[in-house]
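The two complexes that follow have chain A in common; it is paired with chain B in the first and with chain C in the second.
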Partner chain A sequence: MESLIILLSPLISFILISFFGKSIGDKISGIITSLAGAVSFVFSLGAVFRSLEEPYHIKLYKFLPLEGYDLSVGFYFDPLSSITSAVVTFVATLIFVYSIGYMHHEFGNWTFKFYAYLSLFLFAMLLIVLSDNLLGIFFGWEGVGLASYLLIGYYHQQLKASNASLEAFIMNRIGDWLFIFGIISCFLIFNSLDILTIFNKIPSADPYFLGLATLLLFGGAVGKSGQLPLHTWLPNAMAGPTPVSALLHAATMVAAGVYMIARLYPLFDAAPQTLKFVALIGGLTALFAALAATSHTDIKKIIAFSTMSQLGYMFLGLGVGDPEGAMYHLTTHAFFKALLFLAAGSVITAFHHKLYDIYSFGGLKRYMPVTYAGFTVGALSLAGVFPLSGFWSKDRLIGSYYEVSLVWGLLGSVVAFITAYYIFREGFVVFHGEERFRNRVGYEIREVGSEMKIPVLVLLVMSVIAGLAEGWYMKAVGGMEKSIHLDVALSSFILASLGIASAYVIFVKRIPNPEKAYSALKILHTTLKEQFFTEKLYHRVLAVGYLKGSKIVHTVGEKHIVDGFVNLLATAVQNVGKNLRFAQPGKLNWYAFGMVGGLSFLVVLLFVLLFTE
Partner chain B sequence: MEHLLTVTIFLPLLTAGVVALLRNESFAKIASVSVSALVFLFSLVLFLKFDFNREGFQFVTKIDWIPPLGISYHLGLDGMAVSLILMTALLFFGVFVWSWRVEDRTVLYISLFLMLETACLGVFSALDFFLFYIFWEGMLIPMYFIIGLWGHERKVYAANKFFIYTFFGSLFLLLGFASVIIYGYFQNGFITFDYFEHLKMEYPLWLQSIAFLLFAIGFAVKIPMFPVHTWLPDAHVEAPTAGSVILAGVLLKMGTFGFVRYSLPLFPEASERYVPLIFILSVIAVIYAAMMAIAQTHIKRLIAYSSISHMGIVTLGTFALDGDALNGAVYMMIAHGLSSAALFFAAGFIYDRIHSYNMDDLGGLARYLPNFATVFMIAGLTSIGLPGLAGFIAEFLVLLGTFKKYPIWAIAAGSGMILGAAYFLYMYKRVMFEEETLPKSRIEKWKSLRDLEIHHIIPFVLILFAAFLLGLYPAPFVEIMNHTARFVLGG
Partner chain C sequence: MKTIPVEAYFAVSTALFVLGLLGMIVRRNLVTVLMSLELALNAVNVAFVGADYHMGLVEGQIFALFIIALAAAEAAVGLGIIIAIFRYRLVDSTDEITDMRG
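Then we have the complex of A and B:
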């Protein structure tokens, strides 16, 4: 039962801060949140060791009786779930510590709410990771949706944040709509919501319905992980504070989609058509988002697109039948993506939360050496440079692609090149070259405080060494051990180096002049930056279209047709009633009193009759 | 103990008489709060003592009333009724606490609400057609006065519209009752108004088809179903806060309750035949009303449309003729009762403080009314079916049960999940967020606003606690509701 503390600790922290946050203060709230995360991490480690020996169950109480099946609240600890839980809580705790420094300038302004939401976020994510049934996963699923809504919209006084949070919630809900019907289909196929029971019954299931059910479940993952076509909320979610972005992209939320499919992999494995579709969506998103990242200029949005692209990698990995590879990449990605975001957050902090465009920085490496080191290691790892963690996991995935089809393999390699290019474009523009911020800011640029530096350093170390654990990880989660594909590794390494080199040549050596090159390729640049205009399309057609359509139906259909007919009828009746002068407000009082009096008399009579029987 | 149900039902009416006689305002307030608390306690006792494993109605009282006509004073509860009674008692207690500050014709106001409470509790308990109809109509009159006397600008228009609509519906219901009673007379040779006697009769299909439609029109107006729903937004817009709360929380459930209690068991074959019709209207209600909701700028009108949308889920679940779906439908009656009540309380609070329901006059309130922002958000999340709160369990059960036989309808109605989130969060955003887009003068006004007071907090806390309880530990409630499903579907 002590494994329950993993879940309880962030939950208690959430409840405690929600109710008493105001009196205990913002800083203490931040510390409580971080401690809760740390406690959760420690117990997750305990669960890892225990589940490596033997997976175990914790059942709590009967939750929902359905026809022929009683659903209980329960949690299942196997190596996959407990290791994921350890990774999630580890990264989350570091981000929580970092956020104490990041939000420092807002203390005294109800900032404890921020920490309450962070705890809620972690709790919901752990619910997804540890639940032993599909409905439990859905609870966490919507829980992270809510927490992300609250956190993205944390600066709700700004129009931008309030719009972004709304968009995130609705987009997620579209996915959840499919997801819940996926769960319902599973229940109808297997007459159970218990994951292990479902796995046992797979051989006897109708493959057609199974295909449908998995497709619907995947719909949920598309929404949550920001894959095509439900992707636009993810870059816009950058409106939230940077620790939120880090949390969203590294440990919680977007990882949920990948994890859910890995967790239910036997189900997807039995539906090969769905897996092909997963691969297609993943591959397309990987390319699409990488292209968008090459042209964007927002310090956080580039990293956001990079997450989308890396998640695409993972979905492609799931689609080609390497769930362990995908999960492993998820883990390494959690470290280096959190590192990149925290480094970006440090830059934003150094500039007093005012500047976000990468072209407004430049030459920061002199002023912020730790941040610079963090960002560079994160970028190298993301680019897949040997021997950093990203290299190992990405190499494994690309190797798996090539095993299945040349098309997927080539796509993986091309995206690897683009990835190296765009992340180093950001790195070079922000940390090297001319100090473009000089004429904009009057203050000195300083490195951030230690509560922000330490998490960055820890993540830096993890991003370097996490690759060494590949063998252990695969053995633990029961994945196939694949020896390193030397040809793939070599070609990826060369592509990554080429990407970095071209970014270096263009943005440091300025051959050709990047500004001129961008303006020459303006159409291409805008197309990529605007995500092939998908966001504008959604906004104009879906959001505004739905709103306008509803308003038109309201004025025409509701007011004139449906209500108009009735009012006509009412007028006729009222004309008859006029002679009776029934509805005169002045007399209504007396009517009403008369009625009350008369009825009460009847009741007294009734009581007398009843009790004198 | 024997007459606990009777006492529970009539205690409010008795109090209404006393209050009206004494005409003392502070006595009226104290009496209403304490009596409604007592009624809530009694209904809690009923709920806890209800044995859901035992088939058949419980707490039955039967006394001959007008023997020559076969009319009796006949009460009894099944799982659905006992749950609805508990919710009704909770909401009325909330309403009386909320009305602590009412100044305008207090005595009359409180006696009308007390009368209304008796009528509402009676509708759920009556097992005699005559008695049922008295309570059913008895509900109409106090509500008419509440809207007409304490409403806003167009109160008389709205009250009349409400009255004409529901009266029109009641007429059809009356015809429906008449048709089956006359049939019973010719069949058995004696007149009876008793529910169980009629249950035994097993009407022929022609009668079922006619009577089903007559009943259905009566219930559809009350629910309200598309296309007879337009009275509801008008009534809500004009009604005072407490009136809206009871209207949305309790009165709308009468129609769906009627479907489950009368239409399904009395006309089983006809119900099956009319499934496509009800489904079309339900799904239209879910989607159409959600579209209407997002087009509104008036908070109460938006919530009213959201009610219509949710009631579409209830009728869908009722007519899926499946145990899970029916449990979900009843669960939704309770969940919607809680969420709509909380939302109308929230709207009322905004009006109390700012004297406007118009979203264009609001905005940026979250920072100045933080406690209110929290309860408003939770109320909305209950309404849009967030897991962990009551609404989700209801939606899930209805969609699951409907999906078994009618997957396309279920998926179509499930889109309410998205549309619901859209209209609620879009409203929340316009009322509570986006301070930077507002004129400075308005922010200055907001700075002096007072957050929730104790007479606001008590109703909110009770309702939201119930919403959490039903969302986190649904098993006992579903089991009680399943008592009704077994009875209705004969499983």
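Then we have the complex of A and C:
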């Protein structure tokens, strides 16, 4: 039962801060949140060790008995869920500690709300990770949706942020809508929502219906993980504070989609058509987002697109039948992506939360050595450079792609090249070169405080060493241990080096001059930056089209048909009344005559009825 | 002694009742309308007592007594209302009291 503390501690922290946050103060709230995360992490480690010996179940209670099945609250700890929970709580705790430094300038402005939301976010994510039934997962699913809405829109005075939070919520709603239908179809097929019961019943299920159900479940994952075509919210979600972005992208939220499919993998395994679709979406997103990342200039958006691209990698991995590889990449990605985001956040903090464009920085490595080191290690890991963690997980995935088909393998390699290029483009522009911020800011650039440095350093270490745990991880979650493909490893290493080298040549040596190159390739540049105009398409065609359509329906349907009918009815009643006014002259004699007439009529009627059979 | 047939009672009663109704419908004076109402009530009394006598019962006569008492009370209240209307409006014709006109 002590494993329940994993879930309870962020929940208690959320409740505590929501009720007493104002009186205990913002800084204490932050510390409570971090402590709750740490407690959760410690107990997650305990759960990992226990579940490695034997997976175990905690059934709490039944809350809704249905015919033949009881909806219940319960948690299932197997190596997959407990390791994921440990990773999630570990990264989240570091981000919480970091956020105490990051949000320092906001203290006094009800910042305890921020920590309450963070705790809620962690709790909801753990609900997804640990629940033993689909309904529990769905509760967590909605919980992270809510928390992400609150956190992305945390700077609600800015129109950009509140729009972004709405967009995230609506895009997620589309996914959640598919997801709940997926859950309902699972219930119809298996008459149970319990994950283990479902797995036992898979052989007897109708494959076509199962395909539909898994497709719907995948729809939920597409929304939550920001895959095509529900991707536009993910880069816009950068309007939130940077720790939120890090949390969203590394530990919670977007990981939920990948994790959900890995968790339900036996279900997806029985529906090979769905897996092909998963692979297709994943592959397309990986390429698409990597291309978009090459031409963005927002320090956080580039990393956001990188997340999208890496999630695409994971979905492709799931699609080609390597869920353990995908989950392993998710784990290493959590470390190095959180590291990248926290480094970016440190840069933003150093510039007093005013500058976001990478071209307004430059030459920061002299001023912020720790951040520089953090970003570099994160970028190297993301690019998949030996021997950092990203190398091992990415290599395993690309190896799996090549095993299934050459097309996916080549796609993986190409994306690996682009990844190395765009992340080092950002790194070189921000940390090398001339100091372009000189004429913009009057203050000295300083390294951030230790509460922000320490999480960066811890994540740096984890990004370096997490790759060594591959064998242990695969054994724990029961994945096949694949020996490293030397040709794949070598080729992706060369591609990554090429990507880094080209970024170095272009943005440090300036051959060719990047500004000139951008203006020469303006069409390509704009197309990539606008994400192939998908966002514009959604905004201009779908959103505006919807508004126009509503307006037409309003003017025609509402004003003319509905209102017209109601008004017609009213006029008709009025006219009838007007014409019947003469029957109500107000004269006593007239009424008496009416009474006599009516009575006579009734009497006559009675006689007619009685005597004419 | 030659008995009066029951039809005669009914004929008188019907005639009185129709007269009462007609009076209510055609007369405009409030007091006359009230008197016509009394006439219609008493027409019913005649029918009750006549039928009662013919069948050798007493319930009809008791009814008639009740109706007389009722009519007395009603006449008192009705006349009171009419006098009140007259005092406030100085009219006694039903044509001029048309507050209920639609």
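The rule is simple: the second predicted complex is superposed on the first by the 571 of 613 C-alpha atoms of A that agree within 3 Å, B and C clash if a C-alpha of one lies under 4 Å from a C-alpha of the other, contacts with A are read in each partner's own complex, and residues count from 1 in each chain.
By definition in this document, a contact is a pair of C-beta atoms (placed from the backbone, for glycine too) under 8 Å apart; a residue touches a chain by one contact, two chains touch by 3 or more.
Please read all numbers here as calculations on a predicted model, not as lab measurements.
After overlaying the two complexes on the shared chain, residue contacts for A:Ser450 are found with neither chain B nor chain C. In the superposition on chain A, no contact is made by A:Ser405 with either chain B or chain C.
In the superposition on chain A, the chain among chain B and chain C reaching more residues of chain A is B. When both complexes are overlaid on chain A, the residue A:Gln158 reaches chain B alone and has no touch with chain C.
Legend: residue contacts after superposition of the two complexes on their common chain; A:Asn513 is shown touching neither chain B nor chain C. In the superposition on chain A, A:Asn200 makes contact with neither chain B nor chain C. In the superposed pair of complexes, A:Thr526 makes contact with neither chain B nor chain C. The interface of chain A with chain B overlaps its interface with chain C at residues 583, 585, 588-589, 592-593, 596. Across the complex, chain A is touched by residues 21, 24-28, 33, 94-95, 97-102 of chain C.
The part of chain A that touches chain B in the complex is made up of residues 61-67, 70, 110, 135, 138-139, 142-143, 146, 149, 153, 156-159, 162-163, 166, 169-170, 173-174, 176-177, 180-181, 184-185, 187-188, 546-547, 549-551, 553-554, 558, 562-563, 566, 569-570, 573-574, 583, 585, 588-589, 591-593, 595-597, 599-601, 603-604, 606-607, 609-611, 613. Residues 3, 6, 10, 13-14, 16-18, 20-21, 63, 73, 105, 108, 111-112, 115, 118, 138, 141-142, 145, 148-149, 156, 159-161, 164-165, 227-231, 288, 291-292, 294-296, 322-324, 364, 366-367, 370, 381, 386-388, 392-393, 396-397, 399-400, 403-404, 410-411, 414-415, 417-418, 421-422, 425-426, 429, 432-437, 473-475, 478-479, 482 of chain B touch chain A in their complex. Looking at the complex, you find that chain A touches chain C at residues 580-581, 583-589, 592-593, 596.
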